Amino acid sequence: MKSTDLDRIEVNPKTMPKRTNPLANVFDDLVRFCRSRSMFMLHYCTGCGAIELPPAMTSRFDMERLGIQPMVTPRQADILLITGYVSIKTLKRVILTYEQMGSPKYVIGICSCTVNGGMYWQSYATAKKLDEYMPVDLYIAGCMPRPEAVIEGLQQLMDKIKNDQANSWKQYYENYDYYLGNQQKLFGNNWQTPTDVIGEAEIYRLMGPQTLGEHTKILQQVQKPMEPLEMKL
Amino acid sequence: MNSAQSQSLNVLLQEIEGIQLTHQNQRRLRADISADALPALLALLRGRAGYVHLSAISCVDWIEDDQFELVYHLWSYETSILISAHIRVARDPGIYLSVFDIYTPAAFFERDIHEMFGLYFEGSPDMSKFILTEWDGPPPMRKDFDSEQWVMDNFTWQDYHPDWLKQIEQQGGGVVKSADSSRKSS
Amino acid sequence: MRPENYQAVNHPPSHEYELNFGPNHPGIEGNYALKVKLQGDIVIEARADGGYLHRGFEKLMENRLWIQNIALVPRICVPDPVPMEVCYSLAVEDLDDIKVPERAQWLRVLQLELSRIAAHLFTFGGHAATTGMYTPMYWGVTDRDLILDLFEELTGGRVYSIYNLPGGVRQDMPEGFLQRVTQTMDYIDGRLKDYDNLFFTNQIFIRRSKGVGVINQQQALEWGVTGPNLRACGLAFDVRRDDSYLIYDQLDFDIPTEDAGDAWARTLVRRMELVESIRIVRQVVQALPDIKGPVRTPIPNPLAWRVKAGDSYTRVESSKGELAYYIVSNGEEKPYRVHIRGPSSMHAVQVLEKLSVGCRLEDVAQTMFSLDACPPEVDR
Amino acid sequence: MANSILLTILEVILMPLVAFIVGLFMVLMMRKLAAKLQRRVGPPLFQPLYDIVKLYGKQTQISHGLIHDIGIIMAVGGYVAAEALLPVPGMDGIAAKGGLVTLAYLMMVPSLGLALGVGQCANPNGSIGISRALTAMLAYDIPFIIVIFGVAYHFGSTNLVSIIATQQAEGIAGWGISEMPILAIAGLFALHASLGKQPFEIYIAPAEIATGPMVEMGGKFLGGLFVMQTFQLYTASVLYVSLFLGGGENWVTFLIKCFAVLAIPVLIAYLFPRYRTEDLIRLVWKWPVMLALLGVAFVMN
Amino acid sequence: MSSPKTIGNKAPVLDYKSAGSLLNPLKNLQFLGRKAITEPLQPRLASLNYRGFHLNDWEACVGCASCQKICDNAAITMVEIPGLKNDPVKGIRNHRPAIDYGRCCWCALCVDICPSASLSLSREYVHTCDQEHIDSYFILPDPNGMHKKHFGQGWQKTEHSDLLSLTRSAMAELEPANRDTNFNEIVHGFTPEQAVVEASRCIQCGMCHDSCPTHMHAPEYIRAIWNGDVEEAVRQIYRTNPFAHVCGRVCTRRCETACSVGIRGEPIAIRWLKRYAMDQVSHDRIKQIVKEDGKPKASGHKVAIIGAGPAGLTAAFDLIRSGHKVDVFEALPHAGGMTRYGIPDYRLPFDTLQQDIDVITSLGVKIHYNCRIGTDKTMAQLQKKYDAVVLAIGLSKGRQTRIPNSEHRHVYRAVDLLQKISSGEEFELPQSAVVIGGGNVAMDIARSLARLQKQQFGEVKITVTALEQQQHFMADPDEIKEALEEGIIIRDSCGPQGCEIDKSGKLIGLKTWKVVSIFDEEHRFSPRYDETEETIHAGDSVIEAIGQFADTTLLGEQLTEKLEWNRGRIKIDPNGRTSEPWLWSAGDCVSGPDVVHAVADGHRVAASIQQQLTIKTNKS
């Protein structure tokens, strides 16, 4: 097996700015409608709120009614549910996961902990505000929110997607420097992920004035090309 | 358990030098011994009193005494008495012997104590980090590590400013800074 | 600073390779990781990697009032939070010599056993899902939800009931509650037949789980295995009976055992415990109306409550095994030290690592789920 | 003549389209049946379509190289080509020219294509998955080929159109299932195994290898796999119907037969766990092969 | 209890070894024919005691911030809302809790501790928002619910879940039988154990501090007592009150009225805790503690204080610690003013009062006893000799009812009698007496006479009459209770109409009419009587305890003319300064009759004088 090439990104022509097709808007609406009716959520239990997801998924509250299914890998998923606190160790994985998800992608912050630290505000081990590290589309209040509240929240996200209001994923590219800065503050300046966010931003034409900055400079200095590690346990 | 068993256990334990026994209740026996005598006690309990189950090893940081207290909670399925063996180890340099050779579960507890308190166990099979692999601060469970302070230094909080608060602030009210400042001064 | 499990691995020129189970993997319970090294399909080395759910509970509890910790403790084991509350309360009561009214003790047992049923139903589902059978999960979680409804009615919270305080329970049960408990128990009793057909007597499942992750008695004792996992090795030990707390000594229940010590035996022990728990719940339901009196011994003003100095090692039997709190008080408003001995701290680390070696790739997830390891309890 | 060529071309274009639409409903039925067994409502009517449109509408399309792309195209393309060889009521396409052997060959292409594509992803889970998928293919292809051989021998033709015509001429008594019941059972086994549903779901196995071949797939690629799934369900069930249930007299009976055939493995799938790999091979090489050989023996007598 | 050993079936052993047919799972195909059990998409109604979003009854909430203190997660902040009622005397602040749902864990401990039972949780549980509206996570709970939608109350406080201890720690007292013949102190005070338990009830809301006229640091000394550090408690007490022993016994304790715990239960016994702290520390140690600040630099200024009562001595205490020389002139042979001569021994033993005074004199305050200004020295002399003069003469004269025959020689003023009793003077003890008045002075005189009567005649014949209904008496409820225990008869709603005199000129009783109302519509004092209900209360003497007034004759005509007056009282500015720049006035003679107000007044004039003298120093 060959080692991984850096991910190559193909650009969907639909994102290109010039659009001449008169049906383009109708087509866009259709795609957005389908996006809202088919949300694959990443099966990742980051915190204790995850215990209310199985009830929401299974027979009693049956998320599949809304077209929501759990998916196993970030590549397949559209929504990332951050279910409660994220310990710093998990946060690294969450950021990697988020970057690996295909756009458009949506983040839902569940429980108190994702907003302002929640129960664990004194803890040295958890991150306090999720939106410092990645843009969040929707928060669901509760500790933890009941399955009904989760489903209600997902329905709101569906509405937002349908109305083209859930575009936080673009912010991640447009303000990458800000997010990277917060990540570096927490993980140290050597922090890097295998995903080339700046490159993706260029391809998506989402380079904003805040995409590059002092933090990305640090990243570009320390960034090592992906190379395979020696096998060790 | 019956009193005969309890008697024989007491007699048995007297073999350890300098042991102090306290019956906390019917099923809890506290044994204070010196750190040197602990392996002998554990070997004795395991070998001759049926104490095969090491329930836990707890560590307490008595910072004022400059000591760590290690508590070995042992359970015997035969006598149904839980013995807690308490020893004290100097906080500095913080090294003690592993009891892994007597009790296998000790490996996890010793590893845990090592990363949480920084107390090293000689002879334990694995002293590498388990939980705090991405933590480079001091061992967090030590009393001299102030978690809240660390959090305040490293994180910021939501800066809420909802409309109702703006309204109240216009009227001259607002968030009360601390509980005491709300009091009238004399 | 790149998390290692996302890095491509340069495989040595042999048939050995490495796989990560977790932290984001459906074959792992919660947010936990197990790195395995395989030769072909056989695991030759396994390393558990925890801390993804680490919140530093023991540190947090040192910084909070005795009563505030009550809101904190259930979070230590999310699928089965009630024993956490009860164990903490029992330990504080032991330290401060608080006598719990009898009615409160019965209510606690009721809640504990309901929680055990809920946790076991949840575990079955998870275990079945690791073998590719999702229907038991859909059923188990749904039926568990009915018990959560009972919790909601009794305690005001679905999962984290925060119902126990040192001294008793916070509220008496609402009217007609016992009747609804009976209804739910009848329903679950009736459903067991379906579960048996689908899951417990499913020949393919038996084929998958028999002989997987075998622990013999000798090993179980040596490795510190407790709870249903220990009973699946033929040792009838249960803290409820042998180090009795609350009013368990007044109840009539059996301790089911199996001899095989494999994943199948562990599942079966849980299945039988489910029945025992239902039996206990029915006993409580019958006895509770005759037990009058308060449900809580008043404690001092919680803002200024100092628990007597001393230490207490208190154990209860959670659905996962032996759960213990070691609490040291130096007579202040806050605990001086709390050490939580979660049953999974043994099962999910050492035992899992040992059992994984030599097992098939297909069975790694099953081994973990059959041990019913609860990662938040390991990480604390 | 020109007309008939034009007609054939139209049919060849139309048949995969029909297959896709029917396949979507087959996916829906599969999910609905699962929901029913699990005592819940299940997805809405157009859910499979939403999923596919959404996946194609994803903006990020992470590719792992040319082979990866080709692999997916092969996977879908293999089935699209197979559809043209599967006669449906009113449309024969090029079935008369292709025959069973070509079809059997085309049905292996997707797995091979997937193997190519997934191999490029360099994800060990994917590699294990694909090796399992090929193993499974190796397992179920043996009874499958034997069954096809038996059927072809019985009808004396590898031409599906004539096989169907023969069966329809004699009514139910002439159906393959009445004439070759043992082969039909073996065929059902092979069909079930080829769909990769429990207990034969060894190569998806989320809890073991995180959905195996699909692990690195996102966006269009996953969409491709979803499309492939619709074709797969369609192809397998239509082939079985054509071989054993007399094909379609008209669209109503044809669809009823297809969905009924498919319901059997689907229902079983949600009530059983998966086998281990070696168990699968042992099982499939033992019973279906034995049955198929027995069936062939009966047929040849 | 009966053992429920027979309940429940034995666990049916699952026969998995033989029952396991491969086709068993297929039995579950029956579910194809069953209905789904999925709930509708609309969120269900939560259970009756669900712990959902917060509600707060703003009418009931007093802003005590206990919810903030018990919150695990520092989720609660108090917000000051200007439009709301803010009444420190009643223990109400215009603060309301605001809750951060980015922290809250819905444990409901805030509900369970809430002293006013205003907080509760609702059955509402759905709230979502996007990043721009994250402010909606910070809410100010009101009775209408988070989204102004009614979901009904969920978790509320019940008697089981209440976390406050609403009853006081028991304290030993003299039984009525043991106290009615002597002047021994009735209340024993807390034992250390009782005091710690009582102190632990405090929720540290600080309402007591706000309501106290002198803003004593009650939360701090209660916390110190709870910590077992009584010396620290004394230190905190002396920050604002040199009459600690006195206030520990006879304070009107507005703090306890304001106490948040008192909303639904018995307030913290703040007075007894103060007394406990003072009693625990030895007198010498108290003196040391007071002097801990070190000796101040002498300022060279001199201040004269007329009247050695609480106001005057408090001013002296402050001024001497600021380095001024202080001379106190007291007309009577003992210091303490009304606390010495007005409050009976059984409530305030003289030697404890003496301890307070001793602390003050130990600082260097010089008290000139038996020195009556106006006779022995004149105001003019004082003005000349001192930089400032404080008039703290108290209310030494009893008011008269001026009802018919009230000039009879057996009609007494309560203050005069009390002074006689406490100074040990001989006087004619009435065999039976009728007291007019429902205040503490009336109770004091009634109970003092009752003791003397019991000693001398073996039985008590005292009737207390007052205009108010008994529950509205000015006197302490405890006093009334104890008075009744001691055999005193209380007749409420009785308006005195005249003293009855028999033919021989002997007083035989008091005639009263039933009171219909005391105040008119404009809340002015204007009692109306029901003349048909006339009662004659038998008694050979009548004692008027309806209030006191100041004896300002000492000022002299000239000064009296010069000063500005306000309805019979000397007019003072908010700092206690009169219209004469050298003269301040403090205590009962300018504000109400109450020790702690007098102490507050003393501090106030001392601060004003200090300010004035500092200006003077800086000028020179």
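We just call them A, B, C, D and E in the order they show up, numbering each chain from 1.
Note that a contact is a pair of C-beta atoms (placed from the backbone, for glycine too) under 8 Å apart; a residue touches a chain by one contact, two chains touch by 3 or more.
If you're wondering where the values come from, they're calculated on a predicted model, not measured in any experiment.
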| item | value |
| --- | --- |
| Per-chain Cα centre nearest the global Cα centre, belonging to chain | C |
| Chain pair with the higher count of C-beta pairs in contact (A-B, D-E) | A-B |
| Longest centre-to-centre distance from chain C, chain (CA-based) | E |
| Taking each chain's C-alpha mean as its centre, the one farthest from chain D | E |
| Chain centre separation (chain A, chain C; CA means) in Å | 31 |
| Chain centre separation (chain B, chain D; CA means) in Å | 60 |
| Between chain E and chain B, distance of the C-alpha-averaged centres to the nearest whole Å | 47 |
| Approximate Å spacing (C-alpha centroids) for the pair chain B, chain C | 21 |
| Set of chain C residues in contact with two or more other chains | 8-9, 17-18, 25-26, 51, 54, 56, 59-60, 63, 71-72, 135, 138-139, 142, 160, 198, 202, 204, 379 |
| Residues of chain D touching at least two other chains | 35, 37-42, 122, 124, 206, 210, 271-272 |
| Contacts with two or more other chains, residues of chain A listed in rising order | 1, 3-4, 58-60, 62, 65, 72-74, 89, 92, 115-117, 119, 121-125, 143, 146, 187 |
| Inter-chain touch pairs (all) | A-B, A-C, A-D, A-E, B-C, B-E, C-D, C-E, D-E |
| Residues of chain B defined as touching chain C within the complex | 27-28, 52-56, 58-61, 71, 73, 75, 77, 80, 82, 84, 103-105, 107-109, 112, 116, 130-134, 140-141, 145, 147-148 |
| Complex contacts: residues of chain D adjacent to chain C | 34, 37-40, 122, 124-125, 128, 198-199, 201, 205-210, 270-277, 279 |
| Contact footprint of chain C on chain A as seen in their complex | 1, 3-4, 42-48, 50-52, 54-55, 57-60, 72-74, 85, 87, 89-90, 92-93, 96-97, 119-120, 122-126, 143-144, 146, 187-188, 190-194, 226, 228-231, 233 |
| Contacting residues of chain E [partner chain C, same complex] | 1-14, 16, 19-22, 24-25, 27-28, 37, 46-51, 66, 69-70, 72, 105-109, 112-113, 121, 154-155, 158, 160-161, 163-165, 197, 199-204, 223, 226 |
| Sites on chain B touched by chain A in the complex | 132-135, 137, 140, 145, 147-148, 150-151, 154-158 |
